[in-house]
Amino acid sequence: MTVVTDMADAVSSALSEGDMLYLGGFTHLIPFAAGHEVIRQEYEDLHIGRATPDLIFDRMIAAGCASEVTFSYAGNPGVGSLRAFRRAVEEGVPNPIEIDEYSHFGMISRLSAGAQNLPFVPLRTFVGSDYPEHNDHIRMVENPYESEPEEIPVVPPLNPDVTIIRAQRADENGNAQVWGITGDITEAAFAADTVVLAVEELVDEDVIRSDPNRTIVPGSVVDYVVEEPYGSHPSYAQGYYDRDNQAYIEWDEISQTQEGIEEWLDEWVYGVETHADYLEKLDTGQFIDLLPKSNYATPIDVGDY
Amino acid sequence: MTVVTDMADAVSSALSEGDMLYLGGFTHLIPFAAGHEVIRQEYEDLHIGRATPDLIFDRMIAAGCASEVTFSYAGNPGVGSLRAFRRAVEEGVPNPIEIDEYSHFGMISRLSAGAQNLPFVPLRTFVGSDYPEHNDHIRMVENPYESEPEEIPVVPPLNPDVTIIRAQRADENGNAQVWGITGDITEAAFAADTVVLAVEELVDEDVIRSDPNRTIVPGSVVDYVVEEPYGSHPSYAQGYYDRDNQAYIEWDEISQTQEGIEEWLDEWVYGVETHADYLEKLDTGQFIDLLPKSNYATPIDVGDY
Amino acid sequence: MVEYTDTELMITRAARELKNDDTVLVGVGVPNLACNYAKRRHAPDLEMVYESGTIDSNPSKLPLSIGDPVLVTNAGGVVPMLQGFQHYLQGGHIDAGFLGGAQIDKYGNINSTVIGDYDDPDVRLPGSGGACDIASNTDRTFIITSHSERRFPEEVDFVTSPGYVDGREGREELGLRGGPEAVITDKAVMKFDEGGEMYVETLHPGVTREDVLDATGWEISFADDLGETPTPDAEGIELIREDLDPDGVYTGTSD
Amino acid sequence: MVEYTDTELMITRAARELKNDDTVLVGVGVPNLACNYAKRRHAPDLEMVYESGTIDSNPSKLPLSIGDPVLVTNAGGVVPMLQGFQHYLQGGHIDAGFLGGAQIDKYGNINSTVIGDYDDPDVRLPGSGGACDIASNTDRTFIITSHSERRFPEEVDFVTSPGYVDGREGREELGLRGGPEAVITDKAVMKFDEGGEMYVETLHPGVTREDVLDATGWEISFADDLGETPTPDAEGIELIREDLDPDGVYTGTSD
C-alpha cells in the first residue's frame, strides 16, 4: 500500500541506519529536499548511491551521513570538483568513506540487473580500463556462442534498501509521470525494497490515466508519496523551474572548507524544519528567474474505446 | 539519410530475396499494408519474424513468401489457430517452413541483444521447459558471482536485414512517436540493418519536437518513411481506429483452406495496386464503426528554456 | 437455486483465488472474466497487467485479445514489451497469473506447443507466447481448462510452461519462482500436494469421483476432506451476463 | 588578421572534425561549443546526443551541464539513461565523441579518475561518468585539453577511458570499437599513427616544436609534413562571442 505523507515521516519510516540509500534522477529531478531531510535526521552510517552525486552528496558526506558511496561521476556539474567528497576520499574528513565506482553505463546496468532480478548483465565497457583491477564487482563471462567477443564484462545487481525519486506529477497511489530527462528513475525504483516518491504536484488519478505511456514508475512499487513543490532546488524540474546555476557556482565557494559547509548546513538544513521553510528563505526573485515560459507538448488522442 | 516514399518503393528498395524481415508491433500497429505489399511483390524465400505472427504472417505464408519463421505466439488472437501457419508446419503447404521459436520474453530479449550489440542477454525463462532441447540458440552461461542461480539461460542477438514498423506519427526525418502499446518497436528498429517506417500521419518536425519523450524511434535509424493512413487494418492504431475484430473472426473461415486464402489474396492483395485501393474496397460503415471517440491526454508543459 | 453454466462456475471459482492486493497477469477469455469479476466483487484494488505491457488496466468492455486498445485507455501505465517482462514479471511483481494449454500433466506442466513430435507434429499449437515466462516467474499460477483425458495425460508431449517439473523439489532446484496453485476445470478444482502432485480438492455439484477419474490420464487422488465447489450467486451471474460478457462471447457455450 | 584566444582556436579546429551526417556524443564546455559551432557553420544536420539521454538536441542557449533542460526542449527525442547507453552508444550509432581528462598518454589512454594511488589518492578526480563507455564504443573520439607535461605523461596513473591501450592491435584484440582520432590542445593538433601512437600533425601559429616537446612527457614525434593549424575566421569568432558563449563562460579565459 502506498501512503501519502510528508518527507520527515517518509524518511524516518523508510530509512534505517546502515541502509543502502539510492537517490535517483540523472541531472534532473534530483531529490535535494529528501537529502536535506536525511541530514536533518542525523543518519551516520548510510551507504549512499547516485550516478551523479552532485551537491546533495557533498552535503550528506560533509554532514557525516555516509560511510560508503556508490557512484559514476563525482563532480559539480559544469563547475568543477565536489570538494566535500574529495576531502572524505583524500583526507577522511569528516570521516573516511569507502567508494564503489563505475562508468555511467556500468552504474545503470547494475540498477537494471537489480530491477529485473538478474544475477548479472553483460555490457561492452571496462575492457582496457583499470576498473576491473580495482572493483571486484566487475567480472568476465564467457560467450557461449561462436561470436565476438569471446568474453564480456558483467556487473551484478544493485538493490538499494531505499530509493528516493522525484517526478513532476503522481496520483495518490504513486503512479508517477516524468518528462524531460528520465535517467535512472525507473530502474532505481524497481531495484529497491522501499521507494519514496516526491512530486511537484499530486494530481487526480484521471490525469495520470489519461496518458498511461507517461507513467515511468507504477504505484505498485511506491511505498511513500510526498507532495513537495520545488523539492529539487537547486536542481530542476522540466517545465516547472530551471536549474539554479548560481547556487551550483556558489557551492564551489561555500564548500572550500568543511567549516564553510557546516555553517551553510546550520543555516539552510539544520536551521529549518521543512523544505517549505527552506524555500521561504530564498529570494522571491529566484523563483521568478527560474520559471520557464510555457511550451506545451502537442496533444495526443488516446481514444475512448 | 531518410527517404520519404511509398510502400511499393520502400519494400522493393529495402528488401532482397533471402533476407530476414521483421515486422514490428506487438498486437498494435501491425504492418498489414507492408505485408500485403511484400506478397504483391512475390518474394519467395524470406525468413520472416514477429512475436505474434497474426493474420499477416498467415497470408504471407500462404502466398509462399516464407521459408522460415521466427516467432513466439502463432495464433489468431482471441479467435484460435493460424491455419496457414499450421498447414505449412504440419503438411508443408504451400511449402515447408523452418521454425525458430521462443517465449515472448525470449523473443524480445533476442531483439534487445541485437539492438544493443551484445553477444547474448540472460533471462529467467526456458529452465524446466523443453525449448532448450529443440532450439540450439538457447544456451546456458555460468554465473560468475556467489549468487543464485549458478547458471542462467541466454539468447543471442536477432539482427533483421529489414525491419518494418508503424507509428501514429513521424516527421520527414523518421522521428517516430507511438502511444498505446509500444511493444517491440524500438528494439526491432535498432536491431535491423534497414528500417522502413509507415505512419498514420506525417507531421511537421515541430510537432515531434514539442514532446521529445514520445519519440520511440529516432530518424537516424530509419531509412524509408511512408505515410499510409489505416495501414494497420485490420489491426489498430490507438486513438485513430479500433481493431477490426470481425475481420479476425472471418479469417478463421477464409483460411480453412489454402484455396480460400488464395481467393482472398486475389481479391484483396493481388487485385489491388496499393493499400489505398484496398481501403477503397472496404465499406464506409467499417471506418465509422472503428473510429473511437476522442479522449485527449492531459497536456504537459515542457517549458521554453 | 441459481442456474449457471460450467464456464460461469469456473469464472466465479477462479475469481476467489485473487486477493485484493494482488497484481495479476491476465490472459484473455475466461481468465479475463475471472479477473474482472474479482475486481468488481471482492478485490477492487486488483491490479491487472497484460503481457502486452498495459499496467493496471481498467477495460470498459471485454477485450478480445491481450493487446486491445481498451486495455490502454484509462490504464495506470503502458510499458514497452521488454520492460513488462524484465521489470514486472522477472522482477517479481506479479503475484498471480493465468495459463491455458492443450495438455496438463500431474505436476502442472503445460503443453501449448505441439501434439505429437516437435519436428513432425500431429497438431501445431500456437506456442508459448508469454506462458513459459509467466509459469517461471509468478508466485501463483492458475490453469482454467475443460476436463478430458486428452487434456490431462500423465506426461505432456512438450513442456511449454514448467509446473512442478518432476515435483516441488525439482522446481525449487531449478530456481523457478512460485508454481501452479490450482487447476479449475468444468468438473473439479485441483490443488497440488507437498510433493507437487495434483489432487482433487473439490468436485463441482453433480460430478462424481468416477467422472474425474475417467477424464484424467492418471490415477489422480482426492483430498481426504473432499468438498463441493462453491457455486455462483445470483448477483455474480447477473454481473457476468449483463456486464462482463453481455454478448456471451465466452460464456455463451459451456466449453 | 583576426584575433582569437587559444580556446577559440581549439573550438574551431575541433569543429572541423565533425561531418554533416555525424551523430556526436557531446560533452559540456568546449566540446559543446565545438559541436554547436560545427552545426551552425558546415554541418547543419549534425545530430547532437548527450549522455543524459537527449537525442538531436537543439539548445537555444549554452547548457552548463550535460543534463540541462534546454537540451530537452526542442530535442528530437529523450530516452532513459539505460537506452542511451545500450541502443545508441553500445549499439554503434555514435560516430564521434568528445573526452576530457587530467592525463592523456601517448596511446590516447585517458585518466579522469585519480592522481596518485587509487586507494590513497593525491587528487581524487570526478571519475568516468560516460567517458569509459564513450571511449569504448565510439568510432572516433576527440580529446580537447590544455597542453602541459603534467597532462601528457608517458603513462597515466589510472586508465579511465581506453585509447589504443598499448597500440592499435591491442585495442582491436580487446574488441573495442574505433578509437582516438585527434587530440586538440592550446599548442598543437595531434593524431595517431599506424601503431596507435600520438604524433603532432600541426602546430598552432607561434608555437614551436620545442614548446610541444617541453609540454609533453615523452619524446613525441612530428609529422613529416608538419603543418600549421588553421585559425578561426572573423565570422567564426563572431559566432562564438555573440551567439554561442555571449557571457564568455568558456571562452573568457584561455584555459
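In this document, chain identifiers A, B, C and D correspond to the written order of the chains, with residue numbering beginning at 1 in each.
Here, contacts are C-beta pairs under 8 Å (C-beta built on N, C-alpha and C of every residue); 3 or more make two chains touch, one makes a residue touch a chain.
All values derive from a computational prediction rather than experimental measurement.
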{"item": "Pair with more cross-chain C-beta pairs in contact, given B-D and B-C", "value": "B-C"}
{"item": "Computed distance of Cα centres, chain B from chain A, in Å", "value": "37"}
{"item": "Chain centre separation (chain B, chain D; CA means) in Å", "value": "40"}
{"item": "Distance between chain centroids, defined by C-alpha means - chain A, chain D (Å)", "value": "28"}
{"item": "Shared interface positions of chain C, touching two or more other chains", "value": "54, 68-69, 72-73, 78, 90"}
{"item": "Residues of chain B touching at least two other chains", "value": "112, 117-118, 123-124, 148-149, 179-180, 182, 186, 213, 238, 242, 292, 295, 302-305"}
{"item": "Every chain pair meeting the contact rule", "value": "A-B, A-C, A-D, B-C, B-D"}
{"item": "Of chain C, residues touching chain A in the complex", "value": "21, 23, 47, 54-56, 58, 60-61, 68-70, 72-78, 83, 86-87, 90-93"}
{"item": "Contacting residues of chain B [partner chain D, same complex]", "value": "1, 112, 115-118, 173, 175, 186, 190, 208-209, 212-213, 215, 218-221, 302-305"}
{"item": "Residues of chain D that touch chain A when the two form their complex", "value": "28-29, 51-54, 63-69, 71-73, 78-82, 85, 89-90, 113, 118-119, 121-124, 126-133, 136-137, 158-162, 165, 170-171, 174-176"}
{"item": "Chain B-facing residues of chain A, complex", "value": "117-124, 139-145, 147-149, 152, 154, 156, 168, 177, 179-180, 182, 207, 210-211, 213-214, 238-240, 242, 292-305"}
{"item": "Parts of chain A lying in touch with chain D, wherever the complex brings them together", "value": "26-28, 51-52, 71-75, 77-79, 81-82, 85-86, 89-90, 101-106, 108-109, 112, 123-131, 134, 148-149, 179-187, 216, 236, 238-239, 242-243, 245, 248, 292, 295"}
